[in-house]
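Please see the structure below; I have some questions.
Chains: A, B and C, in written order; residue numbering restarts at 1 for each.
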Amino acid sequence: MQILRSFVDDLGLYFLFLKEVFSTFCKSPPEKKYIYSQVLKVFQSSLLTTSFSGFFVGAIMTIQFAMQIKMFGASGYLGGLSTSGTVREVGPLLIAFLLSGKVGAYTSAELGSMKVSEQIDAIRCLGANPIQEIILPRFIGIILASFFLLVYGILFAFYGGVLMSYIFADVNTLEYVRHVPTIMTGISLFSGVFKSIVFAFAIASLCTFYGYKASGGAKAVGKAVVSTSVACMFSIVILDWFTTLIVDVINRWL
Amino acid sequence: MSRILEFQNIKKSFSGREVLKGISFEVNKGDIVFILGTSGTGKSVLLKNLVGLLRPDSGAIIWHDKDISQYSEEQYLEVRKNCCLVFQQPALFDSMTLYENIAFGLRRLTNLNEEELDKQVRDSLKAVDLKEEILSLKPAAISYGMQKRLSIARSLCLNPEILLFDEPTTGLDPVSTQAINQLIFRLSRKYDTTSIVVSHDMHCALDIADYIIVLDKGKIVEQGDVDKIKCSEVPLVKDFLQEVLDANS
Amino acid sequence: MLASVNQLLQIVAIGVLSIFRPPYRWKNYLREISFVGSESFLVVIICVSFAAIVTIIEASYHMTLVVQSDAMVPGFASLLIIRELGSVITALLIGSRVGAGWAAEVASMKISEQIDALKLLRIDPIKYLVSPKIVGSVLGTLLLGLAANIICLICAMFVTKLKLGYPMPTFISMTKLFVEVQDLVFASLKLMTFGFVVPIIACFYGFRAKSGAEGVGSATTQAVVSISVAIIFLDFVLSYVFSHFY
């Protein structure tokens, strides 16, 4: 019961926070250069991790698909199936998991320590709006950066798949790539991009929310980080389901 | 002596726990007022109510004959320009240079041009006895004591009529403590600002305060000038005074 | 670099060896297991249930596309769940919930000098802090992961019934046909490996925390990221190795 109540409390505070962020955005959007510097910062810190994990996610999916396809002797389909499976679903999901740690936890730790060291209060006292000065550049920057990182990670997953199919399933690269378009349709690509946008928004909003909410000492920062990474993963899985439903509906409608 | 600020029956509670149970006092222009009390008696909460970081549950804060306690965030800008809070921690912005740290408030609350702004920054830095060489550094590169001075400079450069200090000497060694206290005294006299200092250091309160207010468990147990405090019969005040006597002997 | 490797190896070696050396702190072991379980049970269960729905939808999409029939969906989906998704999602969630919690805990102890206090009391901090976490995490992840796999399969079964119209007995018999005993063994091995790295990495970053509020935050962040990367990398290695045994 306690868990449920605190969950509902957090949910309410989260939507109030979103409302405040949006109304601030409409009233006084942040300067572009601050957003760019945030995007750059996120890129610098996460590019390596994203490519690394994207690569292995692709490799894992290829192994799994290859083992299943082998039963039917339909190795030709490997390229299409594993690429489509990775792009549509598993790629965005797992890479977003990773980014929620890398970007989300980092940002909430940063905001959390600004909060507990009274920097956020100082900003208010010096006549500035912390939502506009601190939260918005990060919020927008992380949405943009995470989206591009997700797409970039999925690209690396494709490379991982190509390489693994060559090493593991004896499907040569040309054969692999040739079969990609037969199964990877526009809707699959759309699904991947759509999920990336949604996940990017979830990560950006949750990490700024929990970081901004932190109060207390050093422990509160740790708590904010833990809450952020759990809330990110949890909502990513739920949103994964939700977006799959939407894509499914669109697919049928087409 | 004219009255500049008045707290009327301020009450504030956090999740059911009443921290301030009806605080009323007045502050005269140009005074150095010390608010003393043990840890956790709501001293800092009182200051944060004044600058609008927290809002009182009931009661009024009268500043220039207007109740500011229910002001909107925009209206509070005027208050914050004139009542500057120096935080307990230095609360400097890690990502900015010290120069930008001081200029932060000036850029947002005043309409100075770059030249005037530069002069203002350097003047306030000089007022807290820091050298200009450090202006291009980041906060992490200077000592804790210097960070504290810098955060005072950041508030001072706005030329506020009231300076608020939230435990300015916590975490400092005795020598730096003495220096900061002298700094507060000097600044108040030089710029004719009113200062409200939240502290648990009776020793320096007796040294530099014009008026002392002692809080205990969310209530004022004693208030008056130094002479009145010295012959107070309130147990908590006597404990505080005993502490000072012990330290001196 | 060398010092970090040294420290990591030290944590692994002393942490593991101390499990088998007295004094046995049974209470601590139990506490850590229940910490793993209580912290993540609900989250894991909800997440794998949703993952099951998505897996079925995705599998049916691909099967219809390739072989124009979704009759094989239950078999393929349950293989994918047991071999891959059930374990990885559980491990990633435990890594972020429990791993981050442990990293924050150890880091707070470090910056408040509690670790030094332990040393003065002649208690080896690695034995005292890491060993129970290893036991708790390996067993906890294993139990939670197996439970998650089962719940994920049950959920998948309902979804197949509702979405694709295959009755539940068909799902069960298909799953029996596709899933072999070694799949379960490999899934357990995977889970135990994941469970092993979580406390190691969490404590490693916790012990290295620098003072101040930023110290705890950055230790926790680094722990979460490293744990996730390590899990994905190990998952790849294990999948690759295990695939040779089919």
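Following the convention adopted for this analysis, a contact is a pair of C-beta atoms (placed from the backbone, for glycine too) under 8 Å apart; a residue touches a chain by one contact, two chains touch by 3 or more.
Just so it is clear, the model here is predicted, and its values are computed rather than measured.
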Co-neighbours of chain C and chain B - touch as defined: A
Chain nearest the overall Cα centroid: A
Contact-richer chain pair [A-C vs A-B]: A-C
Of all other chains, the one whose Cα centre sits farthest from chain C: B
Distance from chain C to chain B - Cα centre to Cα centre, in angstrom: 50
CA centroid of chain A to CA centroid of chain C, Å: 20
Inter-centroid spacing, chain B versus chain A (mean Cα positions, whole Å): 43
Shared-contact residues (touching 2 or more other chains) in chain C: none
Residues of chain A whose C-beta touches two or more other chains: 117
In the complex, chain B residues that touch chain A: 48, 51-53, 73, 77, 80-81, 84-85, 87-89, 91-94, 104-105, 108-109, 151, 154, 158
In the complex, chain A residues that touch chain C: 3, 49, 52-53, 56-57, 59-60, 63-64, 66-68, 74, 77, 80-81, 84-85, 88-90, 94, 97-98, 100-102, 105-106, 108-110, 112-113, 116-117, 168, 183, 217-226, 229-230, 232-234, 237-238, 240-241, 244-245, 248, 251
Of chain C, residues touching chain A in the complex: 42-43, 46-47, 50-51, 53-54, 57-58, 61-62, 65-66, 76, 79-80, 83-85, 88-89, 92-93, 96-97, 100-101, 103-105, 107-108, 111, 212-218, 220-221, 224-225, 227-229, 232-233, 235-236, 239-240, 243, 246
For the chain A and chain B complex, residues of the former touching the latter: 114, 117-119, 121-129
